[in-house]
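What follows is a structure written as structure tokens; I'll ask about it next.
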């Protein structure tokens, strides 16, 4: 660990410690290192998403970075479900990481000599086509993580591992081929999670995350829920159903909406949802990764904070007889 | 006028004067006399709806009672258009009056001897069937008002007039037949209009009147407008399109919604309309005639003031990091 | 009548006779004369809209032209209500007529000498401003029709009448001032009504007229009705509520939609309305006056007849297992 | 295999062969054995969902049974994604299986002596609470499948495995504890998939599965999609977003709706979706497991096949002039 001076295990307070889905050498570690403050935090790899989030809940860490969505594989259900249930947590930041793989080998290994390859099961669909073309006869076996696969290559158990190129150094391997990805633009979205508190400051290019439970299995309940957003001109960027665990056919919805809870259109939509849903969990408002305010979808007419303020003043004048 | 001690022309201040659509002896006069305060007001008949409303605008009267809707004939367009345009006015009260006609004749006239009948053109469709059955050969001619028809019978110009039974005494006539009405439950709705001020107090069985202009002739604009009400659980009891005068195909909408502007669901709907419509005119919130709170449509779940307050508190806690 | 060779009373079959809202010299006559076939029809003025429509119902006339909407005054309720109730009728054509008035006087009359003016009550709001400016001291009295006003001027009872310029010759009057209209672009829409039959041929710039009854006074019923149109991309050009006569708060809706019943998007919307409304009256599909196909609102994607046919074929293939 | 007389490997035609997600002893095998025809089919375990489905695509099997949804873990993404992409397949049947676990041990093992337990990763969240209570110190390691975990216990590598009780015999183990499940009513839904063909016959308690792509990332596209169902009174029982693989924020929707494609309300909704979505994949209509027609949600008024037929007849009469 001498090469990683930014970690001072045991010397920092829990609040300055960030847990992440480990082990070292995974894409999650690469993602957490893109955060400016990671240079002054203790970064602690955890064995699972629940373990990383529990470290935050228990006060062992001030924050945790976990994957929440992959453009190829979809939502990371462990993260979605952990955020929807149990002791509440909140999202304060998101990180988008382009995902492309390197084929890591022990120094000296040639492509022709590779008989066995490994990697995380999630990696497989993203390299399947490349494998079929370049290593049609190699045998695939899954590893617990991409980093773990690299370790197994280091130990000689497999000939090659798919992992992030950044993992090569950690395990004394060489990236034989880089930039492997079946799908163009594959990326993974990670979120920095903390204990509930004041949401991240508004930037003008924000996102608000919620979990919404439908009242009953009455037809049209989802439609009504979407109308609470639509009528205030709030766009959704993600909606995902998750089982509530009460049986087939019972779902809650994990939703990301454009805008910040301090935007009045978003606030009014949230209050509307709070009124019609038996349960709403606010998961935070935070800057949209990779988007500056100039790229945000233009607001529908009549939905700026000024429009809300003007309408509110008008209502007050009507009620007071000064309209 | 000796028989009408409640009128003290010239002695009362304009504010204590009520204008109404005259002449004396019409249903509008009968309606205004149902108001408790009419006993202490100077009641001034006017020749037209615009004249009655202008008396309020000019300060010559503190209020004006005018018909706004008839269950057989529909909206009274002069009233709807006067309220939608020009110097703003507001509605503070409504009166529902069952409409049935008496056949007024000079004392001694028998049904068999009636050759000519008169009445206001609006009366005709409401007595047409009765006429066809009982006086198939009588000739109808229209009068400027029902009361005017009675006067013309008094003067001997027609044999009989359809008018309110209450008009008989005024014109020295006899009600030969009473309770004539082709349609069951025919009634007329009148509104008491004043200069803009604080709306009538909330009673729990209220109504809110608005005029709404659509932004452009974009398809779906009316649908969006209705959704502003629907999403907050506010029911409409009347919607009527009126031309804006800018050409065929350009309309505004005269709307009555259940509830009071001080109800939070109504207030939020009004603010939403204010934001999406280029123009909104608030015409007042006032008690629904003939309806006590126990008869009001039950509110949709999540739309009481308590629900709004709870959601608002929750939002504040989320924003402050105390959720 | 020698000057009107196109009328051959009594010599033509009833089917070739067109009734219209009279008397001669009104805007309705001007409108009917814009129809190409009016040259070979017997044109019969009637005393009222119901009388004109009853002539069609009774077989005394093959068609009737009546006003249905005025850009200043709104819907012509007699026409709307007659079409909504009683023996069914259908609309086969519409005529748009710009409305501007001439001030008709006896030859020799000067503006300064005019003390009294007359005209139809509907004319008054359209010339009010002109009157206030040019004849502020003239006294207005209403006539039964604009043409009737002209006749009363001919007889010497009033000094001047507002009417269509075309009425001057009929009554031996002179148009002292022409092109009088307070509102720019004032126009009246007339419809040619006949007994039910095959709708007018599709032109690509059509309109479909309906009367729709709401099932109950359930909140949201109007919203559902509008959604039947919206979901198939059918735009509304007019919607007007009319009382059903069953008491305050009970309405039906008179609706004009873009498109022809033979357009599949319109047909599907009509079937949807038929299923959700307790009663629907189809009043016809006919060419939109003053609009050629190039001016029609572009169709929303996925709503052409080809789109419907393609979707229908696809469904058939799915059901047959050939998708 | 002597104990499984219903398998006659190699002797049956591929069409009579059913692939399933293996290995033997899993819940999927238990599910496939609930199908009446499984007695006369060759049942072939496959290593993965894609492998099972490819067997159908390649003609090596007439059908494949794969899990699609778990009431605790949610959608089985491998199945959802395989059905949404590649060579089309269709669903012909669904099977609901209550999921409860047995703790399988080698004969003679006691609860107190258990130090290590294994099972499929999906099993873990369903037994976590039980483990914490009864075996707080046992160490969990994941196996490739529940059946594989049982095999590893048989081989002595772990002390106990969570699996279906039915797996005990296959691996010579004893169910030490049965009926273990953290969540009440946990169940898994499986689907029987085949090559595209005529959908399963209508039973009156059916379900229709679709994959829908949204046209663009235009806000409100999902709302429009839901309205195509809602306006025809078709209820959704499941909706799940899946990434299209084109980058974060691009989704398609996997949807189950109540009713059969041969129901006219469902057919019309499907045609509507076909018109507004750039791509729709029909995955089949088939009986809803565990539901007889008497338990189906009552249809909304106006949405039966008779209502559609009546409306269609009415439209034809209108177009023909016989309404």
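So that you can tell them apart, the chains are marked A, B, C and D in the order they are listed, and the count of residues begins at 1 in each.
Methods note: a contact is a pair of C-beta atoms (placed from the backbone, for glycine too) under 8 Å apart; a residue touches a chain by one contact, two chains touch by 3 or more.
Chain-to-protein mapping (UniProt): A, B, C, D = Prephenate dehydratase.
Here the structure is a predicted model, which is why all the values come from computation and not from measurement.
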item	value
Same or different residue numbers at the chain A (Prephenate dehydratase)/chain D (Prephenate dehydratase) copy interface, by half rule	same
Centre-of-Cα separation between chain D (Prephenate dehydratase) and chain C (Prephenate dehydratase), whole angstrom	59
Distance between the centres, which are taken as Cα means, of chain C (Prephenate dehydratase) and chain B (Prephenate dehydratase), whole angstrom	27
Of all residues in chain C (Prephenate dehydratase), the ones touching two or more other chains	227, 230
Interchain contacts, given as pairs of chains that touch	A-B, A-D, B-C, C-D
Complex contacts: residues of chain B (Prephenate dehydratase) adjacent to chain C (Prephenate dehydratase)	69-74, 77, 96, 183-187, 189, 219-220, 222-223, 226-227, 230, 233, 235-243, 245-251, 297
Of chain C (Prephenate dehydratase), residues touching chain D (Prephenate dehydratase) in the complex	88, 196-199, 215, 224, 227-228, 230-232, 261-262, 267-268, 270-272, 274-276, 282, 301-303, 307-308, 310-312, 314-315, 318-321, 323
